[in-house]
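Two complexes come next, and they have one chain in common, subunit A, joined by subunit B in the first and subunit C in the second.
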Partner chain A sequence: MSLFYSTLKYLAVTLWSMFVIAPFLWALTTSFKDFQSVTSGATYIPWVDFEPTLDGWRSLFKSPAQGGIAIVEPFFNSVIVTAAGSGISIILGTLAAYSLSRFTFRVGPIRNGDITFFFISQRIMPPVVLSIPFFIMLGKLGLLDTLFGLVLVYVVLLMPIAVWIMVDFFNKVPLEIDETALIDGCNPYQAFFKVVLPNSVPGIIVAGMFCMIFGWTDFFFAFILTFTEVQLLPVAIVALNSSITPWWSLSAAALVSVAPLVVVAFVVERYLSKGNLSGALK
Partner chain B sequence: MAKITLQNIAHSYNPGATEKIYALNPFDMTWVDGGRYAILGPSGCGKSTMLNIMSGIVTPSEGKLLFDDVDVTNVSTSERNIAQVFQFPVIYGTMTVEQNLAFPLVCRNYEKRVIAAKVQEVAEALSLQELLKKSASKLTADQKQLISLGRGLVRDDVSAVLMDEPLTVIDPDLKFRLRRQLKEINHKYSSTLIYVTHDQNEAMTFAENIIVMDEGNIVQVGTPAELFERPKTTFVGYFIGAPAMNFIDCEAYENKTVRLGDVPISTDTDISSVKSKKLKLGIRAEYIKIADKMGNNRIPVSIQRVEDLGSHKLVTAVFNGINLKVKAERDKLILSDDVYLELPPENCCLYADDTLI
Partner chain C sequence: MNFKHKYMFLLPGLLVLLAILIFPIGFTVRLSLSSWDSFYPGLDFIGLENYVRLFTDDSRFWEAFGRLSLLSLTTVFLQYIIGFSLALLVWKEIRFQRLFRVLFLIPMMTTPVIMTVVWRTVFHESLGPVNDFFSLFGMQPLWLSSEILSKFTVILVEVWQWTPFMFLLLLAGLLSLPKEPYLAASIDGAGPIRTFVYVTFPLMAPISIGAIIIRLIEASKIMDTVYVLTSGGPGTSTETSSFYIFIKGLREFQFGYSAALSITYLIIMIISFTVIAKILVKLMVRGE
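For the complex of A and B:
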């Protein structure tokens, strides 16, 4: 019976893996094809079904004038906006979350839980509702089509995620840790920075990963709030869709855009599976 | 170390309300420098609140807290030089054992040389030398609790070490060893140790003085012997001792004599000035003698149950519908008929309105 369940389990995992990996494999093989191989029916195995070429990958680094798609600049724009947006969101979000977790706020009927919900509610609204105010505000500030403007917008979009995750995380950090630090001679700031924060690294990494995923994959605001000066990777890739789509370049660009997230996922995977505060108490 | 005085201290969790609900009712208390105290009481009686007021985690809604006659009521926790060990060991999981022990000194900017020497000294006292370089998060619960304790002892200037049920997570064998270690530490460092517990055995074996609390009030302060021999209230009588003190309703009869039913019982307590009609006689199971014929200070009982507890027999006898517990020697033959219990006058405590006369 256990063999049956074991077989069933592995079968399910294999099928699901194939389902997940298939698009990547498809994109990977396509990135090594040329025009002929893409347009002359389905081909799968390199050197057997088609002759692989690096043209798709080379085009990533060439300017449009040279027949390339030039995604190096959009790639680094995305890196800057995502890293800055996530970094600022995590710093501000962690501080806000710690305050919401440890101190009692009360303004009329509004309490800590309402403030936390206010942060999260920013993500409940459909993006299109936010796009017009963002557009007008950035326009008034002269920040449309700039990296700085995008960073500001991404902070607004990503901080709720950081606050949401970190409030939940800090609520699980025993209050005794803070109290012990105070008793040991820290002031409240030292208690946070010297004791609570180092213990919260797993939570910060998880929150950071989510911020990076949402920031890196955002297309909507990157598309609405930029024109010609600044282009982010998702917009640059989608822009390749034209009357004659260069599928090989598109596939290579798509793989490049996914690669950073895959690397991040592998790096932080152990924090996702590990207990958040293993060993801090008990 | 310091003398700690609590002057008319009280704490309410709804201080602004017209009808305050006190977690801790107003009281005065002085903790002598170098003393070993236990605060004993059932869960929710205000023990931890009292401890947290001393450490500064909770600011009392009323009264003053003095360390060596200096008012520290509003002084921050970090400036009070208090060490506190919580019920569950709190360690800094990202640090090694050595860094954990050194942390209170690092926070106070001690010289590295001094820190190293003190850490070594405390590690030796707590048998933690072998673990100094290990990550604190990888230790067992009792080792972690030792680290919590060590952080308190590493400072010379600590006013008192407060312990909030610190041995809850420790297995019984180690509990015994740690209690002994705590006593040794108390002798060695002359540190004031205040130990909160709801376990009377722990309190009795650890402390020189025990503070018994109930419903936010301090019910009695005394040595383990005083609490056992002369509980100030029936609550203390019930709470201290295993089995609890026996209580029998009685009536005043003569100056030092009460009547249990029809039987006059002599005591050492003069009740001539007592006005209350609600009297109780309290006596410990350890002091009741089993007899086979009627006599002075003896009451007729029927035997309900005899339990052999190994070291002694626990007899449950019934008098006028009240169950009385008696500790008898292991080889004592207990008959089921014609049994009398002798209540020695010197061991009888009389209570009026649940308070010792």
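For the complex of A and C:
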């Protein structure tokens, strides 16, 4: 490849990388500012442009009454809801996907493809359409503003993703694996749990990561269905976005909320480079 | 392979999904036939009145829908072009390949609504770094409060957030392509551009179509970005369908009317996606 081409290539990837990183760098430098250095115009380099303080980071652990945002509890609420929602979706979704990939269903005009489509089509619905009936339903059940109510909603949100990825994955796991197990005297349940499942770990990991991403980053349902008892991380942070926004706390909180899933990016890349993802995503 | 226990695998998931969803969907349909609002809460029956109002006396809904089409088609188009280019760039040998791949993936792992709050500070018209840069040239563009630029800002944030998803799907596709067609192309002496046009692009067509449809579905739900960045403003210049339904339902508490909006919107969406999928298949798989 000519020098011109490769220069162009590196220029392009470098430019896009800078665009990707820019908001994080801005948040990082802003998180060390105080009221004075934020309102005096845009400044960038600590010690040179402005005097850094740790106020923003300290406010994460103070209660709102002390002018902080008490991020610890919302953080763990988000962890619990995301983990529970993803876990249930993966378990139920994997079982359903296995049956849709291996068996033939025929109920009237309904075939396998239609059932799969029914699962996946739940993603077409915008959150706002579901939020009003969910609001009324959870209210009737006494589950508004509870972790359990949110987990129920997240299962609807995440199970389609799990089914979508796992159906494609199982379609690529050779049938011989199941058949050999059955010939060896396993019943179908044993064949699934002892033989197929252990061979499906890469698919389950990919599906799990997607569920985690979409669960962790959801805002709207948590925003509508919780008030004071249970607060999730995105809602707690967006609540800061008012007329007098404390940019420093907001930036620090944003960085904390983003950090856990950046780890996921490394895992996804690893699977991508090893070629395991291509089977699970198509 | 077939046996009676197949339902034991399928039913747990299917029943849980149905149990959680059947009420909301049924209830929304019923709600759309009532006049439930904050003054008269209750399920009366007013027939199709809400739908008549929507089709005869609500230009704001249709404008919001037009805006949503413009925004989502533009962002997904940009995401596809950029995502495909990035995927091609890091597909083959390049230094720091894995580092670039990780970097390109990161935005989709971040919470849209939180990153939008950060973007809001970046585009802040008097205190943000973007206008700090533009003031070097004596300009102060109104990124969030002018009718045209606010659309541009929403598109930019959406492209930043979701190009990685396109990139991921397309790169996974590229990495799973067979090697033989490339051997044949190089034996025929095809250059990089011809190889792309005659080998890579056609081979990638099914994956491209899937990725574009998935992104269109997600992009049509755009809500968080608008809510935080502009609240639909200035005026209604960035108001999308979801946001309009949100205002009618959860700000003005016209539950009945917003349910009618939801149902109409869903039907339009399902039809649009079917049509778009058909068109894409025609465009990308021509000559086969």
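Operating definition for what follows: the second predicted complex is superposed on the first by the 270 of 282 C-alpha atoms of A that agree within 3 Å, B and C clash if a C-alpha of one lies under 4 Å from a C-alpha of the other, contacts with A are read in each partner's own complex, and residues count from 1 in each chain.
Everything that follows uses one rule, which is that a contact is a pair of C-beta atoms (placed from the backbone, for glycine too) under 8 Å apart; a residue touches a chain by one contact, two chains touch by 3 or more.
What you are looking at is a predicted structure, and each value in this text was computed from that prediction instead of being measured.
Novice: In the superposed arrangement, which partner chain does A:Val195 touch: subunit B (first), subunit C (second), both, or neither?
Specialist: Once the two structures are laid over each other on A, A:Val195 reaches subunit B alone.
Novice: Using the superposition on chain A described above, determine whether A:Glu179 touches subunit B (first), subunit C (second), both, or neither.
Specialist: The answer is both, since A:Glu179 touches subunit B and subunit C.
Novice: Once chain A of both complexes is superposed, is A:Leu130 in touch with subunit B (first), subunit C (second), both, or neither?
Specialist: Touch partner of A:Leu130: subunit C, not subunit B.
Novice: Between subunit B (first) and subunit C (second), which, if any, makes contact with A:Asn241: first, second, both or neither?
Specialist: Only subunit C; A:Asn241 stays clear of subunit B.
Novice: Spot which of subunit B and subunit C makes contact with more residues of subunit A, would you?
Specialist: C
Novice: With both complexes overlaid on chain A, does A:Phe220 touch subunit B (first), subunit C (second), both or neither?
Specialist: So A:Phe220 only meets subunit C here.
Novice: Just subunit B (first), just subunit C (second), both, or neither: which does A:Leu15 touch?
Specialist: In the superposition, A:Leu15 touches no partner, neither subunit B nor subunit C.
Novice: Could you tell me if A:Leu95 is touching subunit B, subunit C, both of them or neither one (first, second, both, neither)?
Specialist: It touches subunit C, and subunit B stays clear.
Novice: Should A:Leu54 be classified as contacting the first partner (subunit B), the second (subunit C), both, or neither?
Specialist: Neither subunit B nor subunit C is touched by A:Leu54.
Novice: Taking the two structures together, which residues of subunit A meet both subunit B and subunit C?
Specialist: After superposing on chain A, subunit A residues 179, 182, 277-279, 281-282 contact both subunit B and subunit C.
Novice: Within the complex, which stretch of subunit C touches subunit A?
Specialist: Residue positions touching the partner: 1-3, 5-10, 12-14, 16-17, 20-21, 23-25, 27-28, 31, 82, 85-86, 89-90, 94-95, 98, 100-115, 117-122, 126-129, 131-132, 160, 168-169, 171-173, 175-176, 207, 210, 217-218, 220-221, 223-224, 228, 241-243, 245-246, 249-250, 255, 258-259, 262, 265-266, 269-270, 273.
Novice: Along subunit A, where are the residues that touch subunit B in the complex?
Specialist: 174, 176-177, 179-187, 190, 194-195, 198-199, 201, 277-282
Novice: Residue numbers of subunit B touching subunit A in their complex, please.
Specialist: 55-57, 76-78, 82-84, 86, 88-94, 103-104, 107-108, 136-138, 141, 148, 151, 169
Novice: Touching residues of subunit A toward subunit C in the complex: what are they?
Specialist: 9-10, 12-13, 16-17, 19-23, 26-27, 30, 38-39, 41-42, 44, 88, 92-93, 95-96, 98-100, 102-105, 115, 119, 122-134, 136-137, 152-153, 155-156, 159, 163, 175, 178-179, 182, 188-189, 192, 213, 216-217, 219-220, 224, 233-234, 237-238, 240-241, 245, 247, 250-251, 253-254, 257-258, 261-262, 264-266, 268-269, 272-273, 275, 277-279, 281-282
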